[in-house]
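Next, two complexes with chain A in common: one pairs it with chain B, the other with chain C.
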Partner chain A sequence: MNEYDSPDTATEAAPIGETSTDTVVAASAAGGDERLAYRSVFQRLFVRPEVGGLIGAAGIWIFFWAASGTFGTVGQTFTWLDTAATLGIMAVAVSMLMIGGEFDLSSGAMTGAMGMLIIYLVKETGELGGLGFPMLIAIPLSLVVALCIGYLNGFMVERTGQPSFIITLGTFFALIGLKLGLSKRFVGQIQIGRTDEASDFDFFRPIFAAEWARNDHPFELRDFFYISIFAAGIIIVLLAVCELWFQRADERKPIGLVDFIVGLGLGIAAAIALHLTDGVGVNAAIAVLMAVAVFLGMYGWVRWRYEPIENRGSVALDERMRKFLGLGFGLVVLGAVVAVLIDSSSTHEFFFPFTTQGIRVILLLAFTTAGMALIAMASQAALSSSPATKGAVTSVLALAIAVVAALTFIDSEAAKFRASLFSVLLFGAVIVFVWGFVVSRFVERRVKSASADHLGGRMLILGIVSIFIGLAFRMMFITEAELLAEVPPAKTSIRLFWFVAFTATMMWILARTRFGSWTFAVGGNKEAARQVGVPAARTKTQLFMLVSVAAWFVGLLVAFRINSIQSNAGDGQEFFFIIAAVVGGTLLTGGYGTAFGGAIGACIMSMPLAGISAARWNTDWRFLIIGVILLLAVVSNKYLRNRAEAIRR
Partner chain B sequence: MKTSKKLLAILPAIALVAASCGGSDGDSSSEAPAETDAAPVETDAPEEVDQTQAGDLTFHMITHSDDGPFWSVVQRGADAAAEDLGVTLVWKPGVNDAQVMVQDIEAAVAEGTDGIAASLPDPDALVGPLQAAVGEGIPVITLNSGANDYQDIGALTHVGQSEDVAGNGAGERFNDAGATKVLCAFQEQGNVGLEERCNGLAETFGGETVIEFMGLDADTTEQQNTINAFLAADPDIDGVLGVGPVITMSALRAAQDLGRELTIGGFDMTPDLLGAIEAGDVAFTVDQQQYLQGYMPVLLMYLNVTNQNTLGGGLPILTGPGFVTTDNATAVIELSAAGTR
Partner chain C sequence: MSDQPLLQLDNVSKFYGSITALTGVSTSVAAGEVTCVLGDNGAGKSTFIKILAGVHQQTEGTIRLAGEKVTFDSPRDALANGIATVYQDLAMVPMMSVWRNFFLGSEPTKGIGPLKWIDTKEAKRIAKDEMAKMGIDIRDTEQPVGTLSGGERQSVAIARAGYFGAKVLILDEPTSALGVKQSGVVLKRIVEARNQGLAVIFITHNPRHAYPVGNQFLILNRGRSMGSFGKDEIDVNDLTRLMSGGAELEALEHELRDSGATS
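For the complex of A and B:
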């Protein structure tokens, strides 16, 4: 896996113990073995364990965004992200442990236990118990207790050689009993409060529970920062893709750079025009201007840096491609016709749950999806044909996307479909078209290039980070106009920051440190790992301790958040942690997975309940949805893993 | 939640009794009492009236108590009644084991107890021994659970709470507060008692009631955020009833996050919920006043033995719903700390 010095290669997913042969092969590859086929960064990205989770998360988000009026709003996004934060910290830690090949069923009960312990330590002495320590003592003291529990879990698993499933099941019940028994014994109640009795509560509160109310932070230049950073992110991502995809030219063409700058300027001008003006006609003109800008910019950039194709060949569609393309495009158009013909406002019900509206949506989705799939198959088939053919097929794909975009525009009353979805699809169509254009004119890189991979990888990360920073601007601040329109309050907290920071740290540990490699090693094949000198027992014990530290931290966050904890807090949550890890692509058997996947899994787990509530459906269905998600995730992750192994070999 | 959930059959008549027992605030009991087919109490009084002195009396209270916070309040009530009346009370906690309770009942009968108050978590096991006790001429009262079986036993009466009547009371509270659409948020799917509380609310509440699961108590963060999502999606909701103390606090935090002014009601009591009521953030909580479930059986057995009185007219005596509101929160917090609420 480590052939290239590229920051975004999938080192994290490389189980050392399991694939010691891989390491040997990789070593020989470094020596320049010609037999190894070149695998682009995209191929390697696509087979990362969390890809299935990412696609699933996007799907669930779009589903609830479409189904409810409030799910996509800033306030509600913060709401499910907040649920994901505490769940996610645990899910990431549990993912690490599972990569190391172990389970911790006590992790859920431990979050509650740690919260109760902290409150008990700081509660004022009195009739109802409590020790009255300051947080300054309570926080490290409880951390020590957490470390001890984690150590005990690891120690027992290692000493007895029994499955951690059984050992931690024991810890789980022991903790539940302790929580109940001790709280009744010392406090006389099954609930223990209050955190704010700690003498230094006010000092620690901002660290663990600082809140950010969006409506208190007006910022007039928000949209300027949001749009420019976001757009810059998208541009950088597109350029990064080009850098990774194409073969660099021996001689650069400065005229291309001029095109690129003109395109960029045109795009900025169009954005400013969009901001200043209003009206359908003007918007349409600006859209055309934007499309031209995208074309000029991207084509210019590629023309500047990369090797053009000498002989493009001619458009030669074989029988199969022609069939796919014709049928596919026909189906998309048919979907559009159906959408226009059937009355979208009728709610006549044939039989539950099918209404006229419902059937219309089903037909529409079926036709367009099938059509798109056929066109995608045609593009797949075109991969091995002449560049000109590739370009032609991609143009048809772009056209089909444009039809769907137009469809959403005429189809829906809802502003979010008319505005957001339409613009996104239209932009997508333009990108696909331009992509088809450049791909058919420039040489695809088929050999490794450390510098291109390095630069492209860095750009990709920079672009993605920029996109998120742009979105963060949009979510954190409010404009005067929104205040006047009385946008509902939105609140986020420092917990989200801790979630991101913890996930990033764990990703770094897994990918870049010796401990991370050991984690993969002991999870993949413990005996093999031991034989090559990995301290297996110590690594596993440390992983258990990592989980209990995460539980301690989450307990701390909850104690600061709600000020009092009931003894059943966290009980049973361990299953959600494990589900989140599995949905994020981590294997139950160990040796395979990522920390990032755990975070994605937590988002997937936290979206359904908020989404069902927002869509006003019956919440009884929630567990069904979670069950189905888990099953789908297991099946699709298995498929992706098979692909990954096929590509890696 | 600790009471029997099967009082439905005799619902219409119990409101009057609730008022007569004097234990509840009673403002939920406005419905006219209906004549019911409830059988008159078979008192099974001893043939000869013992002219016993109170000091000689010994009563047994045999329950499935786990000596937890709930039952410790019951026990304090029973002890207080024994002290007030000058009788001896033997407290036998069965810790949810019906066999232990059967043994305790048989032992009490053999000792020649003057009265047995028992809860009926497992009627199949307990009805027989209690019938035998009644056959011996010992007055029996059921408490907490046993509303469906006390007549079979021949008990004097039953002292407990009915979940749907408690929900009825909450509905009246929301009517008084002028709410038009109330979310009844519950925290456990498939718990009959919790859904009965919500159904009880829907019966008396004049506006629209929405009954939805809003996340487990084990994850208060998710609970709060689910309620937040639900409230944000429905601006018409102006009241929330949480059928447990934890979910009630989650609802309060969600409403505060959204900046919504809602009438919030809850069930049962925890220190933080009582604090929120005292601060005026939560309008009320429904209290089943389990202290009465300890106190009243001792009093009733005493009056039956010494004066041949019966109370309740063959119907159960309801100890709830009692309400804790801003008016009495401060007092209840003190009483709760003292262990009688």
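For the complex of A and C:
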């Protein structure tokens, strides 16, 4: 139940003034059903299974970005994205199988087996075996074999009624045995190569292994495009959030639109000025200008479209809020002190396996996150109190972010890239502050509005897509200045494209097709699905076949990338696929999850690998990190799901 | 009401080996009428449902659907003949949304050639409309069925059966797990379904739920039919007495009243 409907909220709200209580009552009356608290778009967003994964991915990225000097550079990003691509295609397929309520332990070994099969089919005939087929025959032929293995898995699971865990464990060992035995029998060794002996290798290579070298593509206007598209994306996201958050006014105030345009113009002018000038003093002045621009723009927009609060009440922090705010702010400051005290230039190992720098980052992040969490709890408590209180609490949050920003600025002598962290945090602080200001002055929407939800949702997607296009722009091209500064070469491959395309297709299939619906149904309640006429056995078998086709495709990609494959390739990877799916929010027991979550999970799994080496820690510790991530993900997903359920009721 | 009953059972019996589950049951249900099947635990209600739903086949006796002699070999067969059963534990997937559950297994599709996708807009609209016809305003068809109340879930199941062309609707104890208000909601749905021209077989062990909605009452006790009555031939108290096998309950009632007076 939403706090707004609880009786004690009403008594708390009483001293604020009658108008605000009236609005709440009127709003819930307009909503039609008083039992159903309005679920804001954001509450509904948290119901989605992959949100926990997204937050986790952002957290891990920030952690390694802060802990190392090179993680977050274009080259490093492409490195982990490439790992994520092959892992992710499998993780997405495995997610779907798990939504359908089954496991496939043979999926890892199958990727290697498929790669080996393809190479064996195309390698030259001669003393070391090989059939010498062209790819044109080998690709469909190996696909047929993959489909057969998937069918066999599904058939056995359905016929015996035994858990797929045990059945596919059998397939797993059978495949390992076949890989070893057959490769020794036919090629005389446990490694098989080479893909490029196929007669039409050159034709297929661009399709499965095309690479794009960033350093070969200088583009002087890159930053212009990147910054414009990226900034436009952020602005659209902010406006979308406003659209989703506030109650539309009956009559619009054009004066607000003027403010908005002035703010926008000021922002653009400041950005251009920042580009043209240099020097700390000037930068500070421009930063202030930017903050004013953000304030004017956002306030103007909201003033134009949305309903103002008539009586904001006064700031009334209760005992709990004061405690949370004080403690939270104290912790953030403590984090700052720790970070300043521990020498940032030291690189010696302080405590195995971490460097001093690592300890510093961990302490800093631990303190600041705990502090921020406490402040967030205070704002949670402030949700049900007067608008003025809400504004005050949000301002403290903004202040805390600004402290962290200032702290990283002190640091920025140690590593130049932290200067960008400073600007990001400062920008965040400004946004949070303006947000607090606006929220305390305009009416939050508490009723369902299809048109606002629709418009806001579309804007949100548009904004996020723009942000990613901007980032992609930055990653694909290089500028003359970077070339001169000898930025290390970075390569991306078509595997990334296949990963995105596969994930998008599977998302569509899950959301929009009968097969997708049936996948959820057979995983959620197989008997019920069967009773209403869903072909449950067929759906499950098709899911097993989907996984084996994904394994075939990954085998193909790997065969093209590394040219020769060891017979143990892929063995044990199935656990990574399952972990990625679970981290992405898919329920082990089936019936719940998304394909997108699997993709996010794959990114989470591959980031630590690149991050640990970028931070110069001992890479042996990656499994520990992956294990901890899995445990954290399971716990937090459960927590999020419980909260989501609580909101629904 | 109508001259010919839609579904007619004559002397239907079922034996599991030497065990007699049901003997000599005769009843009928016409379109736009509700036949209530009443019985205490172990009276043979489940066997009765399973025969009609095609899970089991009767050992003796005949079932006539619109005058024709039929036997249902499987649940699908019964469904294809327009006999939809809403089980107590409901054929629903709790984590899926209302509209997906509504259309599960028969989703409306659109698309080009073999590439077909669900017409989600249409599906949501139909689900909402059908529920509205039943008198339920589903606020958000994206809501998972698991978050609906028991009565609402029954209503989704009933609306679904009606939409997919059921002629006979069999409800297995739809009110047994529900509170007073929720039971009222479900009873209202039964009346709605009846008014839409469905033949409803309502299985329950609560005569107070059955009496207000029923046209015919079949009473089962320990596998035997205690008779099939029209509404004008019987009242609630008679129903209760017949269900329990008569005298025993009256004795119990006296006993309870006495102990209540002394304490």
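In this section, the second predicted complex is superposed on the first by the 551 of 649 C-alpha atoms of A that agree within 3 Å, B and C clash if a C-alpha of one lies under 4 Å from a C-alpha of the other, contacts with A are read in each partner's own complex, and residues count from 1 in each chain.
Simple rule for what comes next: a contact is a pair of C-beta atoms (placed from the backbone, for glycine too) under 8 Å apart; a residue touches a chain by one contact, two chains touch by 3 or more.
Because the structure is predicted, anything quoted here is derived from the model rather than measured.
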item	value
Which superposed partner A:Val532 touches (first chain B, second chain C, both, neither)	second
Partner chain in contact with A:Phe260 - chain B first, chain C second, else both or neither	neither
Which superposed partner A:Phe172 touches (first chain B, second chain C, both, neither)	neither
Touching partner for A:Asn618 - first (chain B), second (chain C), both, neither	first
Touching partner for A:Phe544 - first (chain B), second (chain C), both, neither	neither
Contacts of A:Tyr592 with chain B and chain C, given as first, second, both or neither	second
Chain A residues touched - chain C or chain B, whichever exceeds	B
Touched partner set for A:Thr513, first chain B, second chain C, both or neither	second
On chain A, positions contacted by chain B and by chain C	none
Interfacial residue positions of chain A with respect to chain C in the complex	32-33, 36, 448, 508, 512-514, 516-518, 520-521, 524-525, 527-529, 531-534, 591-592, 645, 648-649
Touch list for chain C against partner chain A, complex	75-76, 79, 87, 90-96, 100, 103-107, 109, 116-118, 120, 137, 139-140, 143-144, 147
Touching residues on chain B, where the partner in the complex is chain A	68-69, 72, 189, 212-222, 225-230, 232-234, 245-246, 249, 253, 257-259, 270-272, 337, 339
Residues of chain A touching chain B in the complex	68-71, 73, 75-76, 79-80, 82-83, 85-87, 108, 112, 127-128, 184, 188-191, 193-194, 488-489, 491, 558, 561-564, 566, 568-573, 576, 606, 609-611, 613-616, 618-620, 622-623
